[in-house]
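Next come two complexes built around subunit A: one with subunit B, the other with subunit C.
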Partner chain A sequence: MSYQLAVWRGAIRAEFRMQIQRRAMWFTFALLTIVALPFRGGLPEILTVAPHTSIVAVLCQWSVLVNFLGMIGVAFFMADRLPRDHIVRVDELFASVADGLAARLVGKYLGGLAAVMVPLTLWYGCGVASLSLHMQDLTVIVLGIVTYCAIVIPGALFVGAFSLACPAVLWVPLYQFLFVGYWLWGNAFPPYPHFPIITLSGTMLTPVGSAISVGLFHVPAFGLYHLSLAEGIASLCLLPGIAIGTVLLLTIFIRWQMTQQ
Partner chain B sequence: MHRAYYELRIWGWQVIAPPLIILVGGALGAIAIVTLTAHGTHATVSTFLTALCEMFLPLAAGIICAMALLQDAALELQLALPVSFAITTMRRWGLLVSWMAVCAWIGTCIMFIFGLWHVPTQIQEWPVLGRFLAAHLIWFAPLMWFGAIGLVLALLLRNPVTSATLLGGIWIVETFATNFFTTTGLHPLFLFPTTFAPAIDFWLPNRLELIATGVVLLPLCWWLLRDNEVVFQISTTGQSE
Partner chain C sequence: MRQWAVEARLLYWSVKLALLLLVACLALLIGGGTASGIQPARIFLAWLIIRGLLPLLAGILAAQGASPELVRELHSTMPIPFRCVLLMRLAIIAGVYGISVIILYIFARLLAIWPLAIPGISRPLSDLVNIIGCLMVLGWCMVVGWSATVLLRSSAAGRVLLSLVWFCMLVASAIAMSPKAWWLLQIGLLLSGGLGLWWAWRSLYEPVNDWPAQGEWE
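For the complex of A and B:
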């Protein structure tokens, strides 16, 4: 058990360091921050509307926007973590050492995701801090932490898990293309039948956070206006639950793959 | 021809499959909309199929250009050959874009024959042959733009993942900022007018401007590719960082 724990800790530390030192990641999130400025729910807009509307509504809008653009960065920078092991040929080395695959993969997932969440959290935090200063109200920060934990974190866990797992079977550029298509189809469209194409958008499986925003905070997002509290809580539990299941399935798949070699 | 076959064999299904997946998936999606939903109208299916050719195929080309074009397992050998790597990469670019174009051309022909596409207002009164030729501008303009921008971004930013992320971000923003592009003077940056605003009066100039942007960026790509240090840096950091 202590061996597994050591592998897990080591993997988290190594992955976090590798990912956090990627200048490209910081640069990408800086550009995404700039791209998000004129967007609906962007910083200039929320600062303008904040005095005239509920602060929870403004924070939910901000969380959903950061999720909507930021998760593209999370997905793309998590997607090359597994293929990298193969390219630099450390997967063969890992396969030859004693069993610690599950701990290593969970460590890789948590370490990589934690690092890519740093710029995203700073981006989110800048918005909340600006809002707090603008409103001269410290409760904004407390509420900002609540919406961050409820909307941003579950989405990131979900997207991170799939972005780590899918490139095990898909070519990275193909996964990235499919992800962008999915992100629009499964998150940004208004829910069916308000939109003519059947979509996951507006269901409990919406990692952009619109279901949680509506269900938990009663703040409409992406054409979704009504969802019960129970459905909001279910979404909050389902997204991390599916993420855990995905990492478990990845472990089983890679173990099976290793036995086939 | 022999060289094109050789390059395709190196790439394999990774490059051949994406446009086929888009076309077949799109066709199945259109059938599902008609048969499984209550919204299987001409307008819905036309929007869906137009978006397929205008939005999805060019995005796939852009991401592949950014992520894969500069990756070569034998890069050091390539850099030592009498044929420069710049020429090899531009050939690969041409081959990739041509393959995407063939798939988009087939898709557009089918859409045109069945009348399942958004006819831009500017060309509605044109004769059939003129409309048929103009219909191919739906995909050709964004394909040239995404293909060239994908390669330029990879070369300028020296990081394939950053370039691909930015392409994804641009694509998402373009789908939500229709009003922004139609009401401001940023017409040459509006990538998907046929899907979102076919009634605009600058459809044809927009298509030509996008193609011109792509064409202008290609010599820049070639010029950037001549710097072996840049190419080597992209190939190594992009894969192993």
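For the complex of A and C:
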């Protein structure tokens, strides 16, 4: 057990350091921050509307926007982690020396995701801090932490898990193309009757956080206006649950792949 | 000529993907049925595929073609400069995906599911201008993906930026319905794409010792 724990901690540390040192990641998130400014729910807009509307609504809008744009970065920077092991030939080394495959994969997932969440959290935090200063109200920060935990974290866990697992069976550029298509189709389009194409958008499986925003906080997002509290809670539980299941399936798949070699 | 063949072979999956996507899109557009309720969805799908999805995929693959390589130093010892090799890859992907866009456009017109006609321009010329517009979007996405990857020394970063500007471009394309806005958008794409290409091309003349950046093997 202590060996597994050591592998897990080592993998988290190594992945975190490797990811956090990617200058391109920091630069990309800096550009994302700038590009997000004119969007609906962007910083200038929330600062303008904040005095006339509820803080929770403003924070939900901000969380959903950060999720919508930031998760593309999370997905793309997580997608190359597993293929990288193969390219630099360390997967064979891991297979020959270590018995902690599950611990290593979970460590890789948590370490890589934690690192890529640092710039995203800073971006989110900047918005919340600006809002708090603008409103001269410290409760904004507390509510900001609540919306971050309820909307941003479940989405990140879901997207991170799929971005780590899918490149095990898909070519990375293909996965990234499919991800962008899915992200637009399954999150940004309004729910089906309001739009000519059937979509996952507005269901409990929307990692952008619109279902949680409507269900838990009653704040409309991406054309979704009505959802019950139970459905909001179900979405909040489903997204991390599916993430855990995906990492578990990835472990089983890679173990099976190793036995086939 | 030999180098072209080598690069084409290296881009085997990109070419195969284009063909698969072309067949899938054609099947979707032709086999979608003609019931009046389905027609708006087919028109939207045709527009999304030709002006959105194909350019995005081509851009992602262009970024992949320019991604940092383990054999970068070996490339720099070859008689053909690495920047020319990168341009060759860009040209191959542009050729394959450009043909796919033209084929899909022709089918969309034959099936009467292409939504845009340019007001004030007669039919054959309007089609030509539309095709040029679609090819311009394709070229722009490819140049953005390629240039961002070269400039940031990371194909993941290049693709994130491409996805983001692609989304903005898609929204702008959907909004720019008047002839003036349409032409402004095309000029904007041309200028921004040209600037990106020139900037990335210039950066390829820089020394190779910081290229690729650490941790960016993809």
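Criterion: the second predicted complex is superposed on the first by the 260 of 261 C-alpha atoms of A that agree within 3 Å, B and C clash if a C-alpha of one lies under 4 Å from a C-alpha of the other, contacts with A are read in each partner's own complex, and residues count from 1 in each chain.
In this section, a contact is a pair of C-beta atoms (placed from the backbone, for glycine too) under 8 Å apart; a residue touches a chain by one contact, two chains touch by 3 or more.
Quick caveat, the model's predicted, so the values are computed rather than measured.
Peer 1: Quick one: subunit B and subunit C on subunit A, clash or fit?
Peer 2: Superposition check on subunit A flags a clash between subunit B and subunit C.
Peer 1: Mind working out whether A:184 is in touch with subunit B, subunit C, both or neither, as first, second, both or neither?
Peer 2: In the superposed model, A:184 contacts both subunit B and subunit C.
Peer 1: One more residue to check, A:193. First (subunit B), second (subunit C), both or neither?
Peer 2: first
Peer 1: Touch check for A:31: first (subunit B), second (subunit C), both, or neither?
Peer 2: Both partners.
Peer 1: Counting only touches as set out at the top, which of subunit B and subunit C does A:138 meet: first, second, both, neither?
Peer 2: Touch status of A:138: no partner.
Peer 1: For subunit A, which residues belong to both interfaces, subunit B and subunit C?
Peer 2: 18, 22, 24-25, 27-28, 31-32, 35, 69, 72-73, 76-77, 79-80, 84, 87-88, 171-174, 176-177, 180-181, 184, 196-197
Peer 1: Which subunit A residues qualify as touching subunit B in the complex?
Peer 2: Touching subunit B from subunit A are residues 18, 22, 24-25, 27-28, 31-32, 35, 38-40, 68-69, 72-73, 76-77, 79-80, 84, 87-88, 171-174, 176-177, 179-181, 183-184, 188, 192-193, 196-198.
Peer 1: State the interface residues of subunit B toward subunit A in the complex, per the touch definition above.
Peer 2: On the subunit B side, the touching residues are 14, 17-18, 21, 29, 32-33, 36-39, 41, 44, 48, 56, 59-60, 63-64, 66-68, 157, 159, 161-162, 164-166, 168-173, 175-177, 180, 237, 239-241.
Peer 1: Taking the complex as given, what residues does subunit A use to touch subunit C?
Peer 2: 18-19, 21-25, 27-28, 31-32, 35, 69, 72-73, 76-77, 79-80, 83-84, 87-88, 171-174, 176-177, 180-181, 184, 196-197
Peer 1: Within the complex, which stretch of subunit C touches subunit A?
Peer 2: Interface residues on subunit C, with respect to subunit A: 13, 17, 40-41, 44-45, 53, 56-57, 60-61, 63-64, 70, 152-154, 156-157, 159-161, 163-168, 213-218.
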